[in-house]
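What follows is chain A paired twice: with chain B in the first complex and chain C in the second.
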Partner chain A sequence: MSGIVWALLGAAAAAILSGMGSAYGVGVAGQAASGVVSEDPSKFAKVLIIQLLPGTQGIYGLLVAFLTLSKIGVLGGQIAEVSLATGLLIFVACLPIGVVGLISARHQGTTAAAAIGIVAKKPEQFGKAMLFPAMVETYAILALLVSILAVTGIPM
Partner chain B sequence: MAVLKMQRIAVCALKKNRKAILERLQALGTVEVNICLPEEEGLKKMDTAGSRSSFLKYAQMAERGLEILQIYCPKQQSMLASLAGKPLVEKEEYDSVIKSRDNLIGDIKKIIDFDKEIAENKGKLQKLDIQEESLIPWMPLSVPMNYSGTMQTAMMVGTVPGAQSQESIYELFMKSAPEVEAVDLEIISTDRDFTYLAVLCMKSDKIRVENALRSIGFAAPSQLLNKRPEEIRQGIQKERERLLAANEELTKKIAEFEKERERFQLVADYFRIRADKYEVLGQLPQSEHVFFISGFIPEKYAPSVAEELSEKYEAMVEISEPSQEEEIPVLLENNSFAGSVEGVLSSFGLPGRGDIDPSMIMSVCYVFLFGLMLSDAAYGLLVSVVCGVLIRRYPRMGQSMKKSLQLFFWCGLSTLFWGIMFGGYFGDVINVVSRTFFGHEVGIPAAWFVPLNDPMKMLIFSMLFGLIHLFLGLGIKGYMCLRDRQYMDFFCDVVLWFCLLVGLILILLPTDLFASIAQTSFLFPGWVNTLAKALAIVGAVGILLMSGRSSKNPGVRIALGAYDLYNITGWLSDVLSYSRLLALGLATGVIASVVNQMGTMLGGGIAGAILFIVVFLIGHTFNIGINLLGAYVHTCRLQYVEFFGKFYEGGGKAFHPFKENTKYVDIKEENIL
Partner chain C sequence: MSDKDYTYAVARIRALEVSLFSASVLEQLLACADYESAVSFLLEHGWGDPQLENDGETILKTEREKTWKTIREMVSDMTPFDVLSYQNLFHNLKAAIKGVCTDGVDPGLFYEGCSISPEEMVRIVKEKEFESLPEFMRQAAAEAYETLLHGRDGQLCDVILDRAALEAVRDAGEKSKTGIIKDYARSLLVISNIKMAVRCCRTRKTLDFMKRAMVECEELNVEKLMKAALQGEGAIRDYLNEAGFKEAADALFESSSAFECWCDNRLIETIRPQKYNPFSVGPLIAYILARENEIKTVRIILTGKQNGFPESAIRERMREMYV
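This part shows the complex of A and B:
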């Protein structure tokens, strides 16, 4: 298998795994949000913000995938020569945001669902409610950082 | 730029002025009522619960009436109407409307009754529908449903389960009653679940036929009317028309009250204000001739209020400093820039006892960090312009909404600045458009550098900004210690930490590790290196020895110190946390360029341009939305967790003055302070 396949596999893994996590997270939070809105539609904006929080992992995955695609020239239409070693390097560089994105988005989703519970009972505590899911996201950001630095740092 | 100083105000006045004083205080809205008078003989509280709940009932009734009006003759409201705020009503107009409040309440009652009648009629209509539906299978029957037969014959109607044919029913019937000879089983109609039958037999056979039918599941309908189904149906239709006409008439009657909408709103507000007043009235200790009221008042309003009350209403007014044990309500006062973060601050918690109001410093940091995270000049300009226009357009919008929009206005300007620094204008739209549609690529170069091309540099600067932010927080803590004259705390908790951290940073900078990350190397003269080591050691040893100074036991003291020293990892994670500045900044730019790239899939030409415009509008709207949210959440997080963690406790109680808490209008009062 040549390097370009591995590199593309990396980009795909970053987008697929973190996207899956975000889809799950936003879904779980959305169920909780729907419950709140069915009782009190005026809380829509607040719960929507919290529901969207686990969605960022998917964007981080997209970001890394995009960086990888432009690096190997898939986007520009001129596919670069990628050796097997470089391809594997790129693949591994994509893994942090993929794997951490998947798991952190799932957990952020359940945390966001719980935070929506706070908003339902005490809407004035919105600031604090928003903070708990944001704590989970820190680790996705750290993983994103490693992936970005690694992908941009690998020489072609 | 601070927490307003509160004073305690105590008023003692004659009962004949009670109404006037309470109304004046409510109109001023500067006093939070908080009675703290000792229980004394002869002082009684008035029971106002009854009148208060009746006022509340009227207020709710008026609101219900307005809701009904909104349902039957909806007032068109634009999406931005919620920003417009409450209209201002002249005092004279308000008073004249309130004079006729009894008539207005009568009108509102009428509206509510009409609505009830409409609902009842709707219920009846539904019942008619059900009735008609159950009648449909019987439609072909041309005798009344309860027709019992002729002189010699008997007739019954009813259903048997399942869709059956004439033969199968006869077969079933004959099996259970073979001796009956003359019987006519006529199928009126069949549906999926039932076969509808009319049975004719000799009167002498009636009992046997009935028994035989029952054994095959024959059941008479629940209601037998003495009319033909056709007639019943006509009756239903007539009734339905009557009800529909009645409802239309009632709707028209409700719509006639459309022009009274504003006056209903005033009445609703009037009763709400009165209910509030009676709630306060119920708390006041009163003797035979005088009453007492006390509460908190911001210092700057105290003299004028005291003067007015004592001169106009012959009241005894006493202003004093609140005692230390009391929980003093918090009211912030800031200029319009710093005030814009008050909403963000209060959602964490207002300054508690001993806290300073961090609004000013926090607003600068907030706007700075927000801009770094969004970092796109065009997005920033857009956000600023939209917020600015909304603020100009709706001068009477609610305070908290106005503050949020102001905050985003400033954040937008900061975003514009950082966008220019990093060369982001809708991502790379200028390059993409010039390349695709005009053949040669032009672009605005970044004023500083492009983070995507040099992420390590951006990472280092993110952490540098973070470090400054954190040191600022520690500095504020130092200031608070000095203000409270706790010099020991200042030295141990602030100075020693500064020593340790600065020392460690100075040790880190010249190392190969840092050089490989930052791609620049620092070379310090020897004395700086020695100084760095000395600072770090002094700091570490000092913290180890001094952090547990509250404990007498030396072993415990050292252990506490060691635990506090372990906080160095907390500092590391705090600084690393600012790497989100890089991550979010890149996210904005990269998604924007993905959007631009998608837009150019058809290349140049007319079709390409159309596709580009569509993708551009949808994609960038999405990107602005998602990244505004991200920047907002994560800037809040950096403030709440990293920055406030260094010095701020929060937990203050907000100042809730006794005022005219209206829902629909603001009433213009004379001589407001």
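This part shows the complex of A and C:
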């Protein structure tokens, strides 16, 4: 395979894996949110915010995918010459956000569902409840940073 | 169903748990001047159905139905909840056998909401079609029926069916992969065996009778418990202390109502960890048991008010709440 294929695979992996994780996480949290709102619609805004937390990994993956596509010229319409070594480097650079995004979004989804349980019983503890799933975000942000630094730092 | 399949249901249960009666709400109910004001208090708290008659028993029946209706709305597969209805199912079988053998079936004696309707249960017993019952009921049903029909021994009929009910709960607990069902089965066996030992001791039953009535379980050495029951209540208390059931022994020493309270409170202690479980069927089962416990406690208060019991006598019988 030529370098451009590996680079595109990297962009796809970043978007697909983190998107899958976010879809699962937001889905699980959404089920919990629906359960609470079916009994107490007044908690809609609070549970919606918590439900959205696992969605960020998908955005991070999209961001890295955009950076990669931009770097190899796919977005501008002029595809750059990418050697096999560079293509592989770009592919590996995209993996952190893809893999960590997938895993962290799944775990953030289950943590968010548990946090929604706190809001259901003690809505005044919303701030604390939000912190638990937010902690999982740390590792997605770290992976995002690594991917961005790596993708932008690879010489063409 | 996997644990994550219950996410929606558990979150909904969390929202519903807010409206469970706490100890302080029960104190307010207890402080009501009379039965009528206690019923009004319940209606103000959303209990009962405004379209139905508002007597205490109807309100409690409505609340029980509401609980099961909510669970049925949330869960498509009701199999994990079957174990909770085994005792009611066997009670219905007992009522049907006694009704058929004495030509006097009383519909008021049956529990609703079991997997076999009261009418169907009576039909099965009348036609001796015991193979239509679940497998764990068949043999006991036939044996209890024959015992009552030919021997006219109502007590033995009760013992056969009560033991079969406990064995069914024990087997369900052993087969289940769900922690709370295992814990529930274990607790129920312990409580039932201790209750049976105390009852047998007070009515001076023989060892043979106890062997027929009690069921082996992990937490208790049933042989020792039976021997203690033959010696007297003091020996039962000593054995319970030795087996790690000091609270049960103390309650037994205090009064019958304190002991009954301990039995129910132990079940609530068993399910209490489910308050912190965000997934699985556990919180749903815990909610059903918590509601049953809540309804039982409200019934105790209403009955006390209706009969003019003093507050202290009612308070002594009040159970611990789940929330």
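Everything below uses one rule, namely that the second predicted complex is superposed on the first by the 156 of 156 C-alpha atoms of A that agree within 3 Å, B and C clash if a C-alpha of one lies under 4 Å from a C-alpha of the other, contacts with A are read in each partner's own complex, and residues count from 1 in each chain.
To be clear about the criterion, a residue touches a chain if its C-beta (ideal position, glycine included) is under 8 Å from a C-beta of that chain, and two chains touch if they have at least 3 such contacts.
Bear in mind that the values here come from a model prediction, so they are computed numbers and not experimental data.
After superposition on chain A, the partners chain B and chain C are accommodated together without colliding. Angle at chain A between chain B and chain C, computed from CA centres in the superposed arrangement: 50 degrees, to the nearest 10. Shared-chain residue A:Gly117: touches chain C; no touch with chain B. Between chain B and chain C, the partner in contact with more residues of chain A is B. When the two complexes are overlaid on their common chain A, residue A:Val36 makes contact with chain C while staying clear of chain B. By the touch criterion defined above, A:Ile49 lies against chain B but remains apart from chain C after alignment on the C-alpha atoms of chain A. When the two complexes are overlaid on their common chain A, residue A:Leu145 makes contact with chain B while staying clear of chain C. Of the two partner chains, chain B is the only one that A:Lys128 touches; chain C does not reach it.
Look at A:Ile59: by the touch rule set out above, it reaches chain B but stays clear of chain C. Once chain A of one complex is fitted onto chain A of the other, the partner contacts of A:Val74 are absent, as it touches neither chain B nor chain C.
Minimum Cα-Cα distance between chain B and chain C in the superposed model: 8 Å.
Residues 344, 347-348, 455-456, 459, 576-577, 579-580, 582-583, 586-587, 590-591, 593-594, 597, 626, 629-630, 633-634, 636-637, 640-641 of chain B touch chain A in their complex.
The part of chain A that touches chain C in the complex is made up of residues 28, 31-36, 38-40, 43, 110, 113-114, 116-117, 120-121. Taken in their complex, chain C has these residues touching chain A: 4, 7-18, 74, 278-279. Across the complex, chain A meets chain B through its residues 49, 52-53, 55-56, 59-60, 62-63, 66-67, 75, 124-128, 130-131, 134-135, 137-138, 141-142, 144-145, 148-149, 152.
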